[in-house]
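What follows is chain A paired twice: with chain B in the first complex and chain C in the second.
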Partner chain A sequence: MALMDALPLQSARWRPWQPNPVLLCLAVAMLATLAGLDVVSVAPNRIAAPTGYSLWGATGIPGAALALLLLGAMTGLAAYPGRYRYPALLTVSGLLLALIPFAMMLAAFRLIEPGVAQARLGIGPALWVLLFMLMLCLVELRLRMQLARGWLLLMLLPIVGVWWLCAAFWLDRLALVQEFQARHDAFYRALVEHLALVGIAVTLSTVLGVAIAMLIRRFAAGRTTAFAILNFFQTIPSLALFGLLLAPLAWLSARFDALAAIGVQGIGWTPALIALVAYSLLPMVRNTHVALEAVSPAALDAARGMGMRPAQRFLLVRLPLALPILLEGLRITTVQAIGLTAVAALIGAGGLGTLIFQGLGQSAMSMVLLGALPIIVMAFVADTALGTLAARLRHGDSTRQGDRA
Partner chain B sequence: MSPDLQRLPGNPNPLRWLMPVVWLVLLGVAVKAMPLATPALEWLSPDTDGVVYERTAFTTLLWRHALTVGVAAVLTVIVGITAGVAVTRPRGRDFLPLVGQCASLGQTFPPVAVLALAVPVLGFGTLPIVCALVLYGLLPIVRNTLAGLQNVDDTLIATARGMGMTGRQRLYRVELPLAAPVILAGVRTSITVNIATAALGATVGASNLGEPIIAGIVNGNTAYVVQGAVIIALLALSVDSLLDVWQRQLTQSRERH
Partner chain C sequence: MIELRNVSKDFGDVQAVDDISFSVPRGKFCALVGASGCGKSSTLRMINRLTEQSRGDILLDDQAIQDYDPVKLRRRIGYAIQETGLFPHWNVMRNIATVPKLLKWPATRVHQRVEELMHFLHLPVAEFAHKYPGELSGGQAQRVGVARALAADPDILLMDEPFGALDPITRGQLQTMLARLQARLHKTVVLVTHDMDEALRLADHLVVMREGAIVQQGSPLALLQKPANDYVDSLLGGLERGLKQAALTRVRDHMAPLGPTLPAQSRVPDGYTLRQTLSVMLRDHSERVTVVDTNDMPVGELSLRKLVKEAHTREGEAHES
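Presenting the complex of A and B:
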């Protein structure tokens, strides 16, 4: 995202007096989606084939009328300029997002008879598309209103709260919620394992990456070799890198009792961690290297002129100035590691990938969702948080320079 | 003739085809003559009987892998370049910020999660992985198309307009040819990354070069994993070096004019 932020976006200015074709298209597309695709599906049990229902069939007149009203309002607001239309559009989008769980509750009430204990409600394609398009609306509105990314996240918090409340208390017919209730211990364990693996891998690769980047700066001759080795790791498919470590590690732990004692095994967290770190090193080293090289020589000269010692120059001048690009490397590494850790489940490392692959094996799609959705949310949150932090730091730098000038 | 002279515009390096040929020959050897490597593979995993993956021929796997990546690449290139061109035209400029953000979002979605979400809709097999690859490969192409088109010198476009060129002529005769090397660099990144990512498709039942890797992980047979990994890496290197030659030629022909 940082690269897109750097592109000149002239059209992103606040222009309340012109129609907004983007939101107009999105609103019409959402209306078409609701008219054409199934909103929810009902399955008699966990793995039986579900039957789909349209918005009309699932929620009847009240749901369809409300959706039509809100999307109609959105179309109107997007087409006809007005002073307060962007805040109004933001409100409408938020309302639509917050109303989705209530529509599902209504559908569950109307479609599932209370006696059928096994029956469960699935989320239909129309709802996924609607969710995706509403997210696009929020992105577009954020860009038009020039809100910081953090504000959007803050605004989403109450909506997520509403969803969570609904899911916790009233949406027990939803397949995803039933799946969670059936295995919430396994879910929390997988979540903690996933976070731990990502956390340790990112920490290790940050420390190693910064160390290697500094070594490369000191010994320039090794630069080509170092980057060649790191590039080589990236050509090995992630899937294979996990598999390749199985046998050597099993051999090592069989030979050396000390290694076996600390838990080094052919399968499990050891190969996963090694593969994750090997994969994370290239973006980390490259960005650290670029970041440290990009610091302006004038600033370093000034620091030398002020009588700073080399260690001071590095810690007080070079490192703070390099921090935004360094954080960019951290962002890429973290997002990549969150996704790769899902693959690590194949070699018994645990994490949310376990739920995905088990669910795929049992063709239980709600279990797959239970594993995949948190991964996407985590990747998105990490991307947003680290991106915001980097932007904030960069912004802080430029204002400070501006003040001096 | 000194080596520097050979690389002048108009004198393309005669050895430029060397690397692609080397990689392609190695790829062919790996696919056709894997049994020759049996001693080395036996050393890798001594406890197993069959060390060469034989359930499906490597040629078939390679062909399927290339087809998967190829279809995804064609879709990505069409969608990515069309989107990039559309949002830089005056009429589509309103969509520029959104398209930029969408392309970035595509890369934030982990491929495994996309695969998992695509299976309920598309079923098991090759379709989910094509879907995941398209989503994952879009960012480099859209980003480079935007960067390439926006870096075209404004005075050149103004000159073209002054010569009486229509918008379409300006796009096809001025902007796209000038942006081509940058766009091709994006296509190259996208395809190379996707050749490795496509192996993930084997987890949802797609039959490609990921198949030996999964079989190796499941049976604890490192030799299978190595075979899959080596062929995928050679395929990636071959395609990358071929596109590299094409990119150099484009850049050189631009310098010549």
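Presenting the complex of A and C:
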């Protein structure tokens, strides 16, 4: 037996075909994307039709060769196993992400003549696909390497830093950057409006949602009715709900001066806020209700038997045990509200949606992006932050106690 | 001292507890035994007012429990349940500290008490203090549950099938632990169990319940000697009853002085039960054993013939009483 152990195993010398199918497909797809789609586009001014350029055309031999090299390495690493396969793949993915702005700088340098002040560089379809696929790669790598979500974010931070640095100082030819520089006041105002609307709507619906959930617990008979009403709100399309609120609010504001004085009117932030809260209530109430009901009866019985008063039972036992599921509701509500607020711009509520709809009206894609990208980032950040918080709080809850309930 | 007088409990149309009376003197261990659904848990939960009785009186130190504030009452009564009911978001230390903190003990005193209890229940502080209930085995969790029930040093301890969900080995260990605990602390304990052996092993007083009513109550030996009916007899193990009774009797209480005959070869310590002694006799094919003290000095002897005869007379006495 000892002799057998001493012999080198055959597989140690000869590597079998053991690909990671996900990463292999992604790497090949990225190669195909770069070969087939346009990487950047150049337009002589803001609204003129842009001309697309392939990677070869945009960055010339050095850019194309570097991309081919990195993606080739990625394909190879994904296809054959090795001890450092996943860390190496992570490095290559990060490198690709960090190099994208430099490729754009190179393209701007090669394709745009310094004299043409209005000319601008657009991000082509290939780059969007590449970004999306690299994100998928990171997700897969995170799962394979069993990294905590926080570590991945920490790794993304320097890459985002590189992007920001490039955008702030050297990428002034990029349409998105030009759009931002042209209207950064409007952008910041829209951002603040957006955040304020989401913040107020989520706060209100949390307070209301928890209150309704507790009322439902007390008056069990009202449960079906309450959920039916909340479900009904959820089924109305958001635009229709904004429209439906227009008439009654306009009437109210005309009828009562006090309401008009605080800014209630048919269009603007009032109907937006009401609609946002109405939409947020269902996930909030449902999750709060489920969370409060899911608390282990044994723990509650023990709490009573130990001599906790009703308020102590709620604050010391029921609420903390319900918190993870409750936060899950808050997460869904917040992400949903961030997206819905964009639509609220249509009825004059302000927010980043304004930029999107203005951009659509002027067929200026970079302006649409200027509104859309921060919304995506906000939703992503809210989702991650609240998800992580919920997971942390769940720590003590992953027990037989909880499972038995 | 806990006393129940003609207590009944109705849940809607169902009478869960039907006119029961019993009392537990201070420092005694009482077990409520019966099949599930016989009303024993309801009875227990009436004592700390988790449910209110429909009729009858429950007295605590000769005072009706309705005269006490329920919250204050519960804080001076330890309470442990089968599901442990440990708070999953609190670590072991915080769980044990529940009642002392509710009673607003100073932090240092709480800390001292918790460590004392953990030591007492063989839960090494360094290892367990910061573990969460989810990280404990069933036996460890139940020990934390008992520690929590004892935390504020209550006179009374109520336990609802505390070891019901554990494997037989762990259950045995915890029963031993509880017996040792009771020998030292002399709490007034009411234990609900469906396990007759557990009740026989731990309790001074047994209350056998069936369909809400008391079938029989008395000391373990009294029940074993004279079960009131077939139901109690079957709970006590039917044909095994003699052995169970033997398991509750020490050999030192039944040995005869050393006689003129040669001492028997088989030796048993005087702390053994009659059941263990019988086992030794069967093993050694010997009708006689020599009883020795802790220093291995013979102090008496016991023969099978005397044992059988004595059991017979005891049975007779029980019949007469």
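Assume the second predicted complex is superposed on the first by the 379 of 405 C-alpha atoms of A that agree within 3 Å, B and C clash if a C-alpha of one lies under 4 Å from a C-alpha of the other, contacts with A are read in each partner's own complex, and residues count from 1 in each chain.
Criterion: a contact is a pair of C-beta atoms (placed from the backbone, for glycine too) under 8 Å apart; a residue touches a chain by one contact, two chains touch by 3 or more.
Being a predicted model, the structure only gives us computed values, none of them experimental.
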Does the superposition put A:191 against chain B (first), chain C (second), both, or neither?
neither
Chain B versus chain C as contact partner of A:156, first or second or both or neither
neither
Between chain B and chain C, point out the one touching more chain A residues.
B
Please work out whether A:20 is in contact with chain B alone, chain C alone, both, or neither, and reply first, second, both or neither.
first
Does the superposition put A:321 against chain B (first), chain C (second), both, or neither?
second
On the A-aligned overlay, A:247 touches which partner chain: chain B = first, chain C = second, or both, or neither?
first
Touching A:79 in the superposition: chain B (first), chain C (second), both, neither?
neither
Sort out for me which residues of chain A touch chain C in the complex.
296, 298-309, 312, 316-317, 320-321, 395-402, 404
So in the complex, which bits of chain C are touching chain A?
48, 50, 71-75, 79, 81, 83-91, 98-99, 102, 132-135, 138, 141, 148, 158
Please give the residue numbers of chain B that touch chain A in the complex, ascending.
44-45, 93-98, 100-105, 107-113, 116-117, 119-121, 143, 146-147, 150, 196-197, 199-200, 202-204, 210, 213-214, 216-217, 220, 222, 225-226, 228-229, 232-233, 236-237
Taking the touch rule as given, give the residues of chain A at its contact with chain B in the complex, in rising order.
1, 3-4, 7-12, 20-22, 125, 136, 139-140, 143, 234-244, 246-247, 266, 335, 338-340, 342-343, 346-347, 353, 356-357, 359-360, 365, 368-369, 371-373, 375-376, 379-380, 383
